[in-house]
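In the two complexes below, chain A is the common chain; its partner is chain B in one and chain C in the other.
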Partner chain A sequence: MRSRRRATVIACFLAPSLLIFIVYRILPLVWNVVLSFEYWSPLHPATWAGLDNYQEMLQDDDVFWLALWNTLIFLGSQPVAIALALGIALLVNSDLKGASVYRTIVFLSYPLMTVAVAIIWHWMYNERGGLINYALRQLGIIHQPIAFLDSFAWALPSIIIANTWQVLGFFMIVLLSGLQNIPPHLYEAARVDGAPAWARFFRITLPMLRPSVFLCLVIGMLNSFSAFDLIYVMTNGGPGHATELLITYIYKQGFVSTRFDYAAALTVAQFAILLLLTWIAHRAVGGNAGAIE
Partner chain B sequence: MRKLWWRHAALIVISIIMLAPFYWLLKTAITSENIYEYPPHLLPVRPQLFNFVDVWYLIPFPRYLFNSIVVSLIAVAGNLVLNAMAGFALTLPFVGRRSVIVLLLSCTLIPFQATIIPAYLITAHLGLLDSYLGLALPLLSTIVCIFIFKASFDAVPRSLIDAARIDGLGEMRILLRVMLPLSTPAIATNIVLSFIWSWNNFLWPLIITRSQDMQTLPLGLARFLSYMEDTTGALYAFVVMVLAPGLLVFLMAQSAFMRGLTTGATKG
Partner chain C sequence: MATLELRDLRKSFGPVEVVPGVNLDVAEHEFVVLVGPSGCGKSTILRMIAGLEEPTSGDIVIDGAVVTQREPKDRDIAMVFQDYALYPHMTVAENMAFALRYRHVKRADIRRRVSEVARMLEIEPLLQRTPRQLSGGQRQRVAMGRAIVRDPKLFLFDEPLSNLDAKLRVQMRTELRKLRDAVPTTTIYVTHDQVEAMTLADRIVILNHGRIEQIGTPEDVYDTPATAFVASFIGAPAMNLLPARLDHRQLRLEDGTVLPCPLDGARDVLCGIRPESLVWSTQPSGPCLHGTALTVEPLGADTLVTFLVGDTEIAARLPPRSIRRAGEALTLMLDPAVVHVFDQETGQRI
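== the complex of A and B ==
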């Protein structure tokens, strides 16, 4: 009797959250797959399309490949940011005076609204009023101002720098807490054995940091697939499609051209790539994905 | 000793690079007249605060602010109630508990961005486009936060719970009277995380709002940039007004804040 009542209570406690996840996570996942095999738009009833959407994506759509390539470049920038963050974490991880001040400064940009970050950097890159062109010209590195965000060569790297500025502090904090969990006696033992500093770093620090690095990689990956806000505000994918990512392309196909069916196929492709990459990262860092939780 | 000096020098350079965009933003926000003057002045010339006044005339700032606050309040309230209930249920033994946990963990692998098309269609079917509830609905419960509550509840001594049961308290009362009062850090983390996620959210409101009356602050910022171009310092004053409250809260409660953000890093 009592246990049945308890079962009802448990069901009621879980139901609202589960309902939200089923309606806004699982159902969309299934719906995306179904939609990707159909011709469908809000005004036309659905008809079976077979693999047409996928065929168009893989064979006829150059922008898809460009967006995929850009997304992979964005992704490739994340390990660089993680390495930078590791350098900073090593610098502030000691009884250095004022370490907490430096930590705060580096972290300060992370919780900012990304749209605001985009506007700030849009301005930083400005040809006349921007600090970057001004500083580069003062230093004699360039002689003509560069329109970074309108340039096919510079637009994507510029956005990647803005993104790195925002996430650096987050990576640093994750790595820092990883560093602080390494038992000090390991270093003492190594020192007694006469291991030089670089050996202590490669033999103790890096292997012990694996879970933290894996966490950073996964977050960095999700972040590259979702850097929508920055791109939308700074370049809207332009010039041409030079800064188009999969997510911005999905948005445009779905909500600008109202091609929901094709956008669904793009989403399925994006999701498959994301899963594949998560699995690769998991293997590369040597397992222990449980560390995320 | 020499080593310490070298570290400070490196960290000071890094700090300057990290702070430069903040400085440039503030400088532009208080610059009068032509922000396109070349060469730009490193220090503000004749600093003034007109731009901050202009913001109120150029755009419906109070409306954006109000919308952002309403949506964030709904999201925070939903997260507290739903996550605490779900987290508590997961600490109790029941048939299928394992599969529920596996289901939740696999949901964390589905990023919100991979759901936008159907999520939009579902919200349209529910008739919630362009409404506060529709804006907040997908954010009402977060998996990471459920597990934060669960971990906190798991740490409550069994003897205390058993004593409460012997006294005849029902599950609801145990949650309210025993568990929650002992879980203030988890509650704080939940509030901070759900507030930030909802406050900073851009893609979802962009998709489901139709009228300007329902737009939130991030949409207001993007709209300002695309309609007015960046020809006026008022845009940067607007950015300062949007960022300042959050930054102040962050600086006051930074240690709790950093801990909260890193625990919830995976965004459920």
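== the complex of A and C ==
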């Protein structure tokens, strides 16, 4: 009787959040999956399409494959960003003079609105008055300005750099908190045990940072699959489809071409890829991600 | 096995001098315990010996070689930390083998040595577990195993039993004693627990504010404490220190009690009486202390009683059931030969 009343109380507390979660997360997800197996547009009633949308996506749509490839490249840049952030975290965690000032400076980029970051970097990459072209010319590295965001070769790397700059602060803070949670006695024991500096890093720091690295990897992954605003403001997926990511392609199919059924199929594909990658990341950190040692 | 010598070892953190000059000689195979209250500098001294803190001045000599500027790994020492410092992501076997890997020991030898030490410490079934799968006592054994497997010149223990509960601490203390006999390596052991110091040490070094108050065997420091601080630190309950006046071979306590004393001269002193030196009798004779019991703590084997002499509360360890409740009047006999006398100003033994 008592446990039943307890269960009712728990259910009452959970109900509001659960309701919001179901209405705003679960139902759209289910509806999206259903929609991906239909022909539907706002002006036509839904009809069963079977696997047609998926067949088109996998067999006939070159832009899908390009967007997927670009997304994977974007994703591949995240470990580089994490490595850079770890380097900075190690520096500001040391006895470096003014470490807290550097820590604040590096973190400052993260709370900025992505649209603001996109506008700042759009200006910095500008062919005529951009800071980067100006600096490269002043240093004598280039003689002709580079149209970074209009070049098929440079557009994607340029956006990746802007994205890395923005997430670096967040990764650094996560890794720094992980570093500060490693008991200093472990390093002292390792010094007494005769482990050189590289061994202390690879055999103590890195394994102890697993949960933090996993968190950064997952957030980086989500960021790669949802970097819509940065791309939309800086290049809108161009030139051509050179900076098209799955997320921008889904948007264009849904809200520009009004092919919501096909966009739903693309969304399901993105969801499946994300699940797979999260599982791989979880395995890569030893299957105990998030565990507190 | 090795000798250890500390030559005028000093350590300051900024303007604060925590170790104002320590000299100590430790013989081969000797088990020396550094004991003192929190903040007395004992762990700092140990960390300087380990090479984890750089001395402000002075020298550390191990086996005749000055190692003050050497890295910890080059001192051939092994250390057991207060919180064990086991690597949480490694198994027990990996933890124990860790140091050997960096000493270029062959894999087969590493396996053999880990296995031997695990057998000695009875932790063989735990070798494939990680530290978080172990109890406090098991972690303690693994930490000791990790030190023993190295076969170092010097063992350093930094309050290794302080994280254990009371019962386990007593058990581990006994095991440490057995281990001490089985592995007679020169050892420096830091603790704030005087019982650990008394039971484990060949010699005890008692520290106060970074200075050595006394060095001696457990019997020495108990029977003839060099200062009032040592007298109050060694022994449980602590020695009673009563203000008194030494007046030509007589000690006059605050309550007027007069005790015969072999010392001459006239000055203010502290009269040290161990709680166990006070004797309860139904027919007291000779010099006695009189009072009314303030607290009575029956411990089974004996009863701890506190009472007032003048304005000073003093403790007595009496036979069980000799005093049953607070408020009872008591008269305790005192053998003047076991009274310690310290200078009231300097605290030095007279």
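As a working rule, the second predicted complex is superposed on the first by the 275 of 293 C-alpha atoms of A that agree within 3 Å, B and C clash if a C-alpha of one lies under 4 Å from a C-alpha of the other, contacts with A are read in each partner's own complex, and residues count from 1 in each chain.
Here, a contact is a pair of C-beta atoms (placed from the backbone, for glycine too) under 8 Å apart; a residue touches a chain by one contact, two chains touch by 3 or more.
Being a predicted model, the structure only gives us computed values, none of them experimental.
Asks: Following superposition onto chain A, is the placement of chain B relative to chain C best described as a clash or a fit?
Replies: fit
Asks: Examine A:191 and indicate which partner it touches, taking first as chain B and second as chain C; both and neither are also allowed.
Replies: second
Asks: In the superposed arrangement, does A:248 touch chain B (first), chain C (second), both or neither?
Replies: The answer is neither, since A:248 touches no partner chain.
Asks: Considering only touches as defined above, state whether A:93 meets chain B (first), chain C (second), both or neither.
Replies: It touches nothing on chain B or chain C.
Asks: Taking C-alpha centres, what angle do chain B and chain C open up at chain A, rounded to the nearest 10 degrees?
Replies: The vertex angle at chain A equals 80 degrees.
Asks: State whether chain B or chain C is in contact with more residues of chain A in the superposed arrangement.
Replies: B
Asks: I'd like to know which partner A:207 touches here: chain B for first, chain C for second, both or neither.
Replies: second
Asks: After overlaying the two complexes, what is the shortest C-alpha distance between chain B and chain C, in Å?
Replies: 15
Asks: Output the chain A positions appearing in both contact lists, the one against chain B and the one against chain C.
Replies: Looking at chain A, the two contact sets intersect at 293.
Asks: Which residues of chain A touch chain B in their complex?
Replies: 6-7, 9-10, 12-14, 16-18, 20-21, 23-29, 31-32, 35, 88, 91-92, 94, 96, 98, 102, 104-116, 119-124, 126, 128-131, 134, 137-138, 165, 168-170, 173-174, 177, 215, 218-219, 222, 225-226, 228-229, 232-233, 247, 250-251, 254-255, 260, 263-264, 267, 270-271, 274-275, 278, 292-293
Asks: Within the complex, which stretch of chain A touches chain C?
Replies: Of all residues in chain A, those touching chain C are 183, 185-186, 188-196, 199, 203-204, 207-208, 210, 293.
Asks: Show which residues of chain C lie in contact with chain A when the two form their complex.
Replies: Per the touch definition, chain C meets chain A at residues 50-52, 71-73, 77-79, 81-83, 85, 87-89, 98-99, 102-103, 132, 146, 150.
Asks: Would you pull the chain B residues touching chain A in the complex into a rising list?
Replies: My answer: residues 4, 7-8, 10-11, 14-15, 18-22, 24-25, 28, 35-40, 82-83, 85-86, 88-90, 92, 94, 100, 103-105, 107, 109-122, 137-138, 140-141, 143, 146-147, 170-172, 196, 199-200, 202-203, 206-207, 217-218, 221-222, 225, 230, 235-236, 239, 242-243, 246-247, 250-251, 254, 257-258, 261-262, 265-267.
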